Amino acid sequence: MIAVKATLVRDLTLLLRRRGEVLNPLVFFALVITLFPIAISPDPELLAVIAPGLLWVAALLAALLSLDSLFRSDYDDGSLEQLLLAPQPLAALSLAKVAVHWLLTGLPLALMAPVLGIMLALPAGSYAILALSLALGTASLSLIGAIGAALTVGLARGGVLLSLLVLPLYIPVLIFGAGAVQAAILGDGVAAHLAILGALLAASLMLAPWAIAASLRISING
Amino acid sequence: MIAVKATLVRDLTLLLRRRGEVLNPLVFFALVITLFPIAISPDPELLAVIAPGLLWVAALLAALLSLDSLFRSDYDDGSLEQLLLAPQPLAALSLAKVAVHWLLTGLPLALMAPVLGIMLALPAGSYAILALSLALGTASLSLIGAIGAALTVGLARGGVLLSLLVLPLYIPVLIFGAGAVQAAILGDGVAAHLAILGALLAASLMLAPWAIAASLRISING
Amino acid sequence: MWAFIHKLGSPKWFYTISAKLQPWFWAAAVLLLVVGSLWGLAFAPADYQQGNSFRIIYVHVPAAFLAQSIFISMAVSGLVFMVWKIKVADMAAAVMAPLGAAMTFVALFSGAVWGVPTWGTWWMWDARLTSMLILLFLYLGVIALRGAFTSRDSASRAASVLAMVGVINIPIIKYSVDWWYTLHQPASFTLTSRPAMPTEMWLPLVIMVLGFYSFFIALTLMRTRSEILRREANKRWVQDLVKGQVEETR
Amino acid sequence: MAFASFSEFLAMGGHAPYVWSAWGVTALLLLATVWHARAEQRLLLKGLKRRARRENSARGSAQ
Amino acid sequence: MSLCLQARQLACERDDRWLFQGLDLDIRSGEIVRIEGPNGSGKTSLLKILSGQLSDYQGELFWNGAAMNDAREHFLANLLYLGHAPGIKSGLSPLENLAWYQALSGESNEESSGANGHEEQRLDALERVGLAGFEDVPAGQLSAGQQRRVALARLTLTPRALWVLDEPFTAIDRHGVADLERQLVAHAQSGGCVLVTTHHELTASPLLRRIALG
Amino acid sequence: MSLCLQARQLACERDDRWLFQGLDLDIRSGEIVRIEGPNGSGKTSLLKILSGQLSDYQGELFWNGAAMNDAREHFLANLLYLGHAPGIKSGLSPLENLAWYQALSGESNEESSGANGHEEQRLDALERVGLAGFEDVPAGQLSAGQQRRVALARLTLTPRALWVLDEPFTAIDRHGVADLERQLVAHAQSGGCVLVTTHHELTASPLLRRIALG
């Protein structure tokens, strides 16, 4: 347990030390959202229709891109070797790393999304659901994405390969996440969507740590 | 000149040796494009309206993400130091590296875009312009992006910072690129758009190599 | 000539001369801002169309002007630093960036608030708003890049390069966004097509703009002085200066 | 004077929330930058003085 | 407590070339075992196999008489491995780096008067490797040798019986090398065991045993 | 051709600590200059300043009497620098790595009977550093010492007068070290000059001069 806590603290310190870097996924999120009206059309009526999808895709990409660095620096400087040789269960240690990732990426993304919703003329009344669905969803995304990050950490150009591995797995989360927001706009019940998002999170919490641990072992071996 | 050619050949060999990695940006492009119908709506009429924008944004992101590795491995293994100490002009050598990047990323993206256009119900008649505008545009993107890649190569979590630096600079290219496709759909003249894309490319060709060289020197220093 | 430029760039010289200039700019800033605010808020007549919401102009426009000017000053300082290796220029650039970002934010925020009574929406993808938003991102990029380096020298030079690259791009971005906007949108509301302002409305605006610029100069002088102390803490002249102050207080 | 009374001034002809929030945020940010600059300066000088005093006393005790 | 790492009929093939074949090893408490051989003879590969990082080998491993697969947990709790890469985060200070390793090794806080005692230990360990004064500098700003010294500080920080060290003398200066050699001998004398590769000449010691590869 | 690298009143400050101050250096043809000092004394920093990679210093540099800024091109054309990192691409074979360095050094093809002659040279250079048989293995699969040997092959491949070597003996085995030492002496004797840092003891030679830092 101490080792898990220490890993949590260490990763938090590392990330908070460079406060700018915590902001990066947020800024990326905002930037991508800015690109769409410029590339598509500034017409608010059109934007309102596509806003839930755009927001979810952009948040998903922001979370995805920040994943690449999750294990990379540990791998490069040899800390990962040491993590594997620690007498603690690797699954718990990697869960700590994923938790830090979500706290500093997923959660802020969820909190920031409503502001960007305003800019995309998202209809009123769906803002709370947008934030909630993102908070739940990004937790699953972090867990699932960490498996991909662990598998690609030993490879030179991991970044794009990671997206390739992970994006297909993200699709269920995306469907129910964006679906929840659209349901909120249409006034339908959102409970079902949120329940499924919760179930997805529970399932990934149970399974992902083991997959991450196994993937890390594979990466170190090669 | 020999050194420039050799750098071209070396980088091409390195990338082609891992043929999988050349495909990565393409697969990323395709995956992001499939996310949109899932997140927004499968309605072809709606998709047709937003297709040019979505295609351009997705291609831009794919090009952007592959940039991060442009100088990174050279930095890590010390080759970059050696590149700087070569008696050749650094601007020319870095131009060779950027050219390889475009050949293996921008050009394939441009060639592949029409296929994805079909999936998004892009109206007929704009396919050639889509490919042409992407081919011209991604060349500018590679050049501008390389400045950001050079500035962030020495930094631990360069990936997302790179996006932050580079995306605002990409906006003119995006406007005229997506604009060209939209003009083609509406049957307006596309010559003006393409001419401006060409002008942007010419300007970046003139200025970017020097900025890249200066940035590389800075990164090696710190 | 060279000697003069380098003397100008010497931190010590700058530290002494700025001590003399600083109070004047602070005084001007306070005077202009107070007069301009009172005039603009209480005495200028209400707009015949927008009523009193129009009074937002007195913070909105100065902030928007300043946001753009600061980026240009930052790039010029960067150029001076890169070409003549004048460190004071870089220190000034470093302290300008956060203020510039703040001003950009003020322009965005006041504009967004103003949009509610006039346009009925917080935000729309108007050309000027869009380019202002991009300017904010450019500022954030420069600040983040400077913070990402551990070596101060590299951080300074990287930020200078980025500021210069950015400043070349600002007109290009503005031009293309303008062009894009006219392409897309019927000009339902534009910022520029308002009737010419009467003098009673226009004069306080000029005063506010001047006040904002004085504030910018005063604050930059002050923070550059702090930055000088921070970076030159080990230099002889700083230690002598501090010792002098310590002895005085005894 | 464009307003008849102070309460009218505060009401801003019904636009109070907009005018005052815009002005308020601006004033707040300007004041915050000044406050930050002053705090920064004071902290720096304090540190430098402490150091100078320590060096003084170190030299004093060495003699 | 006597420890014993055994290998039987160990063989490793890389690219159709046998690095070693039929290797029998017995490494016991109180020994310093040095693996020798020219560049590319398979020293690093052997250490990785013995420490359980490389599973691409033939033959069997035993820890205290039990097959390695069954005894892995006990084995890891006794192992300290330092590889070619120092395992030091360049964004963290030496003190923070060591704090993580200390926690990773699973030391409970009760053992030595709470968290404060731990901090003392870390400061001591850093002082012993000559890094007093550099405790709070980001490790990325240290010189090559200083970074390796941070890694070496782990030797005194977390008490482990089996040290597996791959070229520990890299980038270390003359004084540092002498100190480290003394430390290895002391560890072996106090019942630990050391498995080391190096191209440096080690001063002869009755505890030293050589195994030549290639 | 006599070469001369001079430094006058060189000083370098890192984090408010002076690594060296008022350093005067004269490095001439026919000399092996060894920079000595404990870990963190500034050897690497000095080499980086002298080779023009670090611009964060005070003092002046001269190359053959001319200020370094004016003579940079001629200086670079005569310089071979090997740093802590070997500069070898792990995805390319040793042969391909050397081909790039050869082209980077700006050798024109006419000089030696076309591209074929170049290939011969590369094979020779690899053989001389003991890598015959590993020419086409991806460098990432070589051992630590073998990777450094690929970098060392550049010494014989591209004829440069001034060698600046930062810990060239890292990870090299005993034979390799002796070979390399002989090579350094031969280079100095034939009119080149060598600037080297190492914690290895170099065999005494009349050409060797020491400069102590820290």
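Lettered A, B, C, D, E and F in written order, each chain numbered from 1.
Everything that follows uses one rule, which is that a residue touches a chain if its C-beta (ideal position, glycine included) is under 8 Å from a C-beta of that chain, and two chains touch if they have at least 3 such contacts.
Here is each chain with its UniProt name: C = Heme exporter protein C; D = Heme exporter protein D; E, F = Cytochrome c biosis ATP-binding export protein CcmA.
Worth saying up front: this structure is predicted, and the values here are computed from it rather than measured.
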Touch-network distance, chain A to chain F, counted in steps: 2
Chain whose mean Cα position lies farthest from chain A: F
Chain pair with the greatest number of C-beta contact pairs: A-B
Centre distance in Å when chain A and chain C are each reduced to the mean of their C-alpha atoms: 35
Computed distance of Cα centres, chain E from chain B, in Å: 45
Mean-CA-position distance for chain D and chain C (Å): 17
Mean-CA-position distance for chain D and chain A (Å): 38
Shared-contact residues (touching 2 or more other chains) in chain D: none
Overlap residues in chain E, where contacts from two or more other chains coincide: 84, 90-91, 141
Touching two or more other chains - residue numbers and ranges from chain B: 18, 73, 76, 156, 161, 164, 167-168, 171, 175, 221
Chain A residues touching chain B - in the complex, by the definition given at the top: 18, 20-21, 24-25, 27-28, 31-32, 35-36, 38-41, 46, 49-50, 52-54, 56-57, 60-61, 65-66, 68-69, 73, 76, 156-157, 159-161, 163-164, 167-168, 171, 174-175, 178
Chain C contact footprint on chain A (complex, rising order): 18-21, 23-24, 27, 30-31, 34, 37-38, 41-44, 118-119, 121
Chain C residues within the chain F interface of the complex: 151, 153, 233-234
In the complex, chain F residues that touch chain C: 16, 55-56
Complex contacts: residues of chain C adjacent to chain E: 150
